[in-house]
Amino acid sequence: MADADMTGTVEGLAGSIPDRSTLVLPVDYAGAPMALVRALVRRGIRGLHLICAPTGGLAADILIGAGCVATIETSAVSLGEYGFAPRFRAAVEAGTLCLRDSTCPAIHAALQAGEKRIPFIPLRGIIGSDLLAARPDWKVIDNPFGQDDPIVLLPAIQPDVAALHAPLADRAGNVWIGRRRELMVMAHAATRTLVTVEAITDADLLAEERTAAGTIPALYVERVAPAAQGAWPLPFRNQYPVDDQNLRAYVAAARTQAGFDRYLAEHVFGRQRAAE
Amino acid sequence: MADADMTGTVEGLAGSIPDRSTLVLPVDYAGAPMALVRALVRRGIRGLHLICAPTGGLAADILIGAGCVATIETSAVSLGEYGFAPRFRAAVEAGTLCLRDSTCPAIHAALQAGEKRIPFIPLRGIIGSDLLAARPDWKVIDNPFGQDDPIVLLPAIQPDVAALHAPLADRAGNVWIGRRRELMVMAHAATRTLVTVEAITDADLLAEERTAAGTIPALYVERVAPAAQGAWPLPFRNQYPVDDQNLRAYVAAARTQAGFDRYLAEHVFGRQRAAE
Amino acid sequence: MDASPQEFLITVLKRRIADARHIVVGALSPIPGSAALLARHESGGRIRVTIVGSARHTSFTDGGRELFDCAAQGRIDVFFLGGGQIDGAANVNMTGTGPYPTSTVRFPGAFGSAYLYYLVPRVYLFREEHSPRTLVAKVDFVTAPGSSPANVYRQGGAVGLLTNRCYMGFDRARRRFTLESVHPGHTIEDVAQATGFGFDRAEPVMTTPAPTMAELAALRGPLREAIGETYPRFAAAALRAA
Amino acid sequence: MDASPQEFLITVLKRRIADARHIVVGALSPIPGSAALLARHESGGRIRVTIVGSARHTSFTDGGRELFDCAAQGRIDVFFLGGGQIDGAANVNMTGTGPYPTSTVRFPGAFGSAYLYYLVPRVYLFREEHSPRTLVAKVDFVTAPGSSPANVYRQGGAVGLLTNRCYMGFDRARRRFTLESVHPGHTIEDVAQATGFGFDRAEPVMTTPAPTMAELAALRGPLREAIGETYPRFAAAALRAA
């Protein structure tokens, strides 16, 4: 609704995501909604089908470690320069996580299919990879426009919820993302889109062509919550750098479940009465 | 090449498009490169396979009237408030134009398939339309992910050349298009992209996130030519309105081939030594 | 106040769509476009209106494909379709008369009809000229079919047809139109004579209500500029002085 | 000047790619990334370099998918792949050791490998650790295959493998590596012992040339900041003082 104020709170957003939702999150460097992820852990969400668009990082590792995730569909989970994702690795090796291993372009293409609400999309590559055997939901057909030309068909990904962190939104719910167009595909593909932002402006982001060109229209956005430093401890665009000390502490602590739980107590539950 | 000056002339661009090319043009209101179209008529290009993304207007009608087009693939050709496209209509009714009638989303989707270099893409709708019989290159298959669920497969469109008019480019060949993202799909899908612009800036359009978000990177752009009023007599964004007098003159003249030829003599060949 | 014929049709359409959340109007549709803008105006901005080709009346930022993806996502409630020929099964011909491809009279083409007609829940057919030439027994070319077999994916289609003579509702299951109201100055017999296909009659067939003073005041006042931005020639010709 | 091990590998890779038009570097690849930036620097900006995840070193404006579409379009010449295991047929395992899915050791995952390995003409395999643990007879999981049957669409693949001991070329038709050069301080026998797969030997096997003063000066001077922007921890640790 063009008139209504579309803003809410991070806790409100977290509360609106039911258990067992299919939730798509962007790659850490594209705008992972870390404040919302912490709120989801605090709310004790369970049984998520987590889709990483296209790779997971700290957000995925924390949700996995906190027991929120039943299934993960991703092309990788990694903490980048900080190494392997310890809780992901432990959960896979323990067999407690349902894995849908993918590859980056397959997740992008399947989200585009979700955006178009077409049931599937073909993609080159993949054939000969053991991923194919690990993904019985992917099919290989002979290209109907070619001859003896096998090609993979991917079923569309149409998440229940897309959640993302962005620099700026306006009160109508338009969200500025700049060049991070994967966020727009996520919003188009998902049934509901929930957004945290560094700041909210009284201006209309669609009024001027330059900002409109990098904006997800409110049409796709259910609610926007202000969350200053909402990507912390990750870096966010050119606005703030990584909190190196926190990331090192995470990597050291999360080697064990007990250490991870201590990290949660301090940095997730401990923040409930503070900034978030 | 990041260093080289990517700018050229409109006549140079026109000269670089061979006869019988597959040429994709945007819809009139998205940035039809009218100055380049006139240069193509002057150069006497022949045998074009013209793809309208997704509909044709004055640009297509002039190219058809001037005998430049062998085949047209479009969801419609129309002059909008000025009525039917007279030369298109005459050519169809005379049987001198090879028609590949389509529908807007099919052209958009097939260009997306071209952008991804996937051989085909499925699309809903269409089944039960006589368009299907008119397009033997479209196939209907049973959705491999459904049951008794027929769906159309469209072959990818991968044009030889995309030509478009934009407000601004920089010297490296980055082209600002704002929200007109169909221009970016065209550039990605085509082998070569040729651009005319209202103005060329010495700034770097990719340097700032706000302009970068609406910019086709030089990576996809072969050459850029300055063409002030390059969409004339069409309106162009908020920069200039339609030349109503010229459009009315066109519609009146182009009812007959002789009248159309007089329009060409005055407004296409007559402009060769003038502004263009 | 005396309404122009276009003002009359604008208000008839507007009343049909006043409950929508998102109305999309194709290119070259000034009367549906004006109806959508009037509905939005009366809703206090609650209704979202997207006009193809307009930089101002659009929510879209992802290029030409977004309208179609958005429809597939179920985020568009109402769309309008015209057509050179419309038949009694709500089949629409936007391609041409006579044998394809060298039509006797070639129309512009399908635009998005062969897709949106399947995907937008409520499509209003709109054709000012109500004659045996436009409303035919069977269209020469089915650009977009009025109905589909049960196994064909379809979440939308025609709900009605507005002409300069009447409004007919369309029953997708029965594949038939029902005359619901006749515009002032026309009769049921008028309509039957001018229609190339058979149709049912509501009981009773109403007289289409004329525009209210408030509707006309809004059209001629605050909406004149918004309509004129998108349809300059139409606004000048069709909207009377305030 | 004494090069650090990383500086050495950067310059070896750089010489292989100095003729490219567009080099793309995936996430977590500081040595290939630095090699690409050095090649670009030496080309006077002619070579285009795209580093995944960098806002500065990118030509892309269409989101995460653009890299993959761009590769399919043939607009990317060079890419780099690592992997927990690489075998003698250039199969790459980025998924995990032991039985899938509950791997003995789980690696991060495929990233874009199961696609880019097919579509980028020149893929350089790069793995610093050269041991029977990383270079194996047969990978436990083929994340991306080193070759494909003739009927599988494939326009790219491995051209070579760089480790901290040597550079091997890969012959896609014969599906075998050939040892081309051994880094200073290592021997052919060293390499053979540390490699879990059989390979051919060039005649002669060369000693890999060390970095030149000019290369090191560029890395430690003008490129330190550019590398540090993308790989801050790497730049601090791997590049010696100018």
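Observations
Which chain is which? They are A, B, C and D, in the order written, and residues in each are numbered from 1.
The rule is simple: a residue touches a chain if its C-beta (ideal position, glycine included) is under 8 Å from a C-beta of that chain, and two chains touch if they have at least 3 such contacts.
Remember, predicted model here, so these are calculated numbers, not experimental data.
More C-beta pairs in contact connect the chains of B-C than those of the other pair, out of A-C and B-C. Note on chain placement: the centre of chain B and the centre of chain D lie 40 Å apart, centres being C-alpha means.
We define each chain's centre as the mean of its Cα atoms; on that basis chain B and chain C are separated by 28 Å. Put simply, the C-alpha centre of chain A and that of chain B have 36 angstrom between them.
Multi-chain contact residues of chain C, defined as those touching 2 or more other chains: 55, 60-62, 65-66, 68, 72. Shared interface positions of chain B, defined as residues touching 2 or more other chains, are 109, 112, 116-118, 123-124, 149, 151, 179, 184, 209, 212-214, 237. Pairs of chains meeting the touch criterion are A-B, A-C, A-D, B-C, B-D.
Within the complex, the chain B residues that touch chain C are 27, 29-30, 53-55, 74-78, 80-81, 84-85, 88-89, 92-95, 99, 101-106, 108-109, 112, 123-131, 134, 148-151, 179-185, 237-238. Of all residues in chain B, only 1-3, 115-118, 184, 188, 206, 209, 212-220 touch chain D in the complex they form. Those residues of chain D lying in contact with chain A across their complex are 27-28, 53, 55, 60-66, 68, 72, 94-96, 100-119, 141-145, 148-149, 151-153, 231-234.
The touching residues of chain D, when paired with chain B in their complex, are 22, 44-46, 48, 55, 59-62, 65-66, 68-70, 72-73, 75. Residues 109, 112, 116-124, 139, 141, 143-146, 149, 151, 153, 155, 177-179, 209-214, 237 of chain B touch chain A in their complex.
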